[in-house]
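This is the structure I have questions about; it appears just below.
A, B, C and D label the chains in the order they appear, each numbered from 1.
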């Protein structure tokens, strides 16, 4: 899990989702009340499996030589309250954060959005870092929602997945559709997709796409 | 053909036309009722000639260890109905998809567009994935049209060519002009190019440009 | 000169000024009525000193195995009529071409523009490829102008320099300021710079900047 | 310090903050009235520890084979008047320079801005290069301000830090938030963050974030 989480950070860099050290991936350790997360303020070039830190579900450091990410409390809250979640990603990716700065959900006007998010990408509350506020906002917004991504107001994006790779994919796709819908809106109104079409696209993608399991 | 198709996917990555696994190239096998296409949900880093799959013109898997791209039915429909087409490309590239989300054709206001597309880049209908709807929309829009690219409404781009490389070139140029015309329109109206000038530019580029055959 | 011109094409790629094969660099052969230019339709990856072609100042092929760039007549016209020019570059770079599509000069609102261009970047006429029209438009616009760059209407950019590297630098800086001024204008009007300040910045940069010769 | 300053220029390139040679990093030599700075007009590929130049706090060349950056006087002025500053960076990065071209501060509407800049990023005066005007503008604007970045009108960005790496980080984050806030504003007004929340975010980030010292 340390190796997986360390190497997935390279995808955040590859897709331009992060500047300097502002973004992190975590992964639940299967069968344990533990998760692996990025150390705080360490550059992506220097991340190794060994430099990753292991925390319990209250966000306490269990193993590792570095202080855990300053977003650890939010990740821990999600793992505590969403048992089906095996991976969490946080970024300040440009276009998604711009929607978040306006507090505006991203409307589902692309078939790729229907596929991955099953509808609009919702906005969570403004929350200060340092206690459970961010985690509560994520869980309250995503619970019962199809979208694996939430835009936290004035802040950035959190995504969830059955494992860290699925959460990274959701972060990559979230920025991709945030950018395309932004660009579309700059010169007029995108055409809506009918709700029943969104349902059919979502259902198909989640159950048919890919080599075996959809997400 | 497996090698060609596998390696052309790297051009989609290089020009930033695809995120994660959302985009695919196919090529007709010369002299056979078969085509080679990307496997579904496999990352571009992992594509090899061996991982490519071979389908017949009804989209049935003929050879390969993986499930074919979920867009296979659309590619197959094009090969069945457009015998001069030897390559098909599909992407969700940002600027082209933004025009598609508004259902708006890209006006021909650049000499490079006149060269490659011979006029506006047209919009095809909204179509759900899973049957022949997408293929029908592509063929109905491109048949008798100079443009090798069609913007499928709320979806993305399909391009065709005499071979896979020509279709990839059309996908690259489509995003390039979609972006430039978008940027031009953000601060005012681009100046039109007269239809007779578009004709002369298109004719020259298709017959004179390059080392031998134009496209 | 073949080596210089071949390798300078990599700068067009590095700065994202070109898609596929749409852009070219040429350089006058010192002391000869000849210039070296890119072959037509050859990808930047495949360019070598040997694949470059040599033309006389009427644009006729003198040496080389490939057909010269389809823009050769324009380059030749510039070398014939502007004896101080030792390098010419042509691109369809996105932001510069967007200004060109609107037929709008780029206003000098950045000190970096005053440094390199000495004022606005001017617009040249619409001209069809295939005779001397493009070359005439370039020379008529740049003759007696400080700017080494001209935006050819609905087309793209041509830049000149004392040598090919200076022309490439002008192409890179042209796109850079075209983008920054575009972005500035998206949210309001940039503040003007006084003409006398533009003069002082231009004079200083041309005579003091760098290790020895300014440009 | 030569090695540090030389290698930090690669971060300017990596984050796309500079075109051609337009941007520079300097670092104060600990315990001496000297600083190391980039040579003028030398490309980032060619920078080596040996090619860096050493100047005194009046900007006079003390050691090195090249002429120092044409921005040396501005760096020197900052080191003379801000003794806590150990590194200075100057760029013309696109989005920050666009705000500078309009003479408009970047409003603090992102938690990441509150963290790093503690509020709006301020605008400094228009100033010609060649004497102490730019340095005076930087110091007058940043003195007593939380922000380590100043947008110099119609010009670009200067950032300061306790060491060159901190100044480079500020330059990277400045462009990142300049871009995100620009994008947010394109489609409406970003939501404000309350001043007391900005204070709490800034305080926490400066004192808790990272492995040991916050900045």
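Keep this in mind: contacts are C-beta pairs under 8 Å (C-beta built on N, C-alpha and C of every residue); 3 or more make two chains touch, one makes a residue touch a chain.
Chain labels with UniProt names: A, B, C, D = L-ribulose-5-phosphate 4-epimerase.
As the structure is a computational prediction, the values presented were derived from the model and not from experiment.
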Homomeric contact chain A-chain B: same or different residue positions, threshold half
different
Go ahead and align chain B to its copy chain C using Cα positions, then give the rotation in degrees, nearest 5.
90
Counting only Cα atoms for the centres, state how far chain C is from chain D in Å.
31
Please output the residue numbers of chain D that touch at least 2 other chains, ranges allowed.
186
How is the touch graph of the chains shaped: line, ring, star, complete or other?
ring
Pairs of chains found to touch, sorted by chain label:
A-B, A-D, B-C, C-D
State the interface residues of chain C toward chain B in the complex, per the touch definition above.
19-22, 39-42, 66-67, 70, 92, 94-95, 97-99, 101-104, 126, 128-130, 153-156, 182, 185-186
Contact set on chain A toward chain B in their complex:
15, 109-112, 169, 172-173, 176, 179-181, 183-184, 186-191, 193, 197, 200-201, 204, 208-211
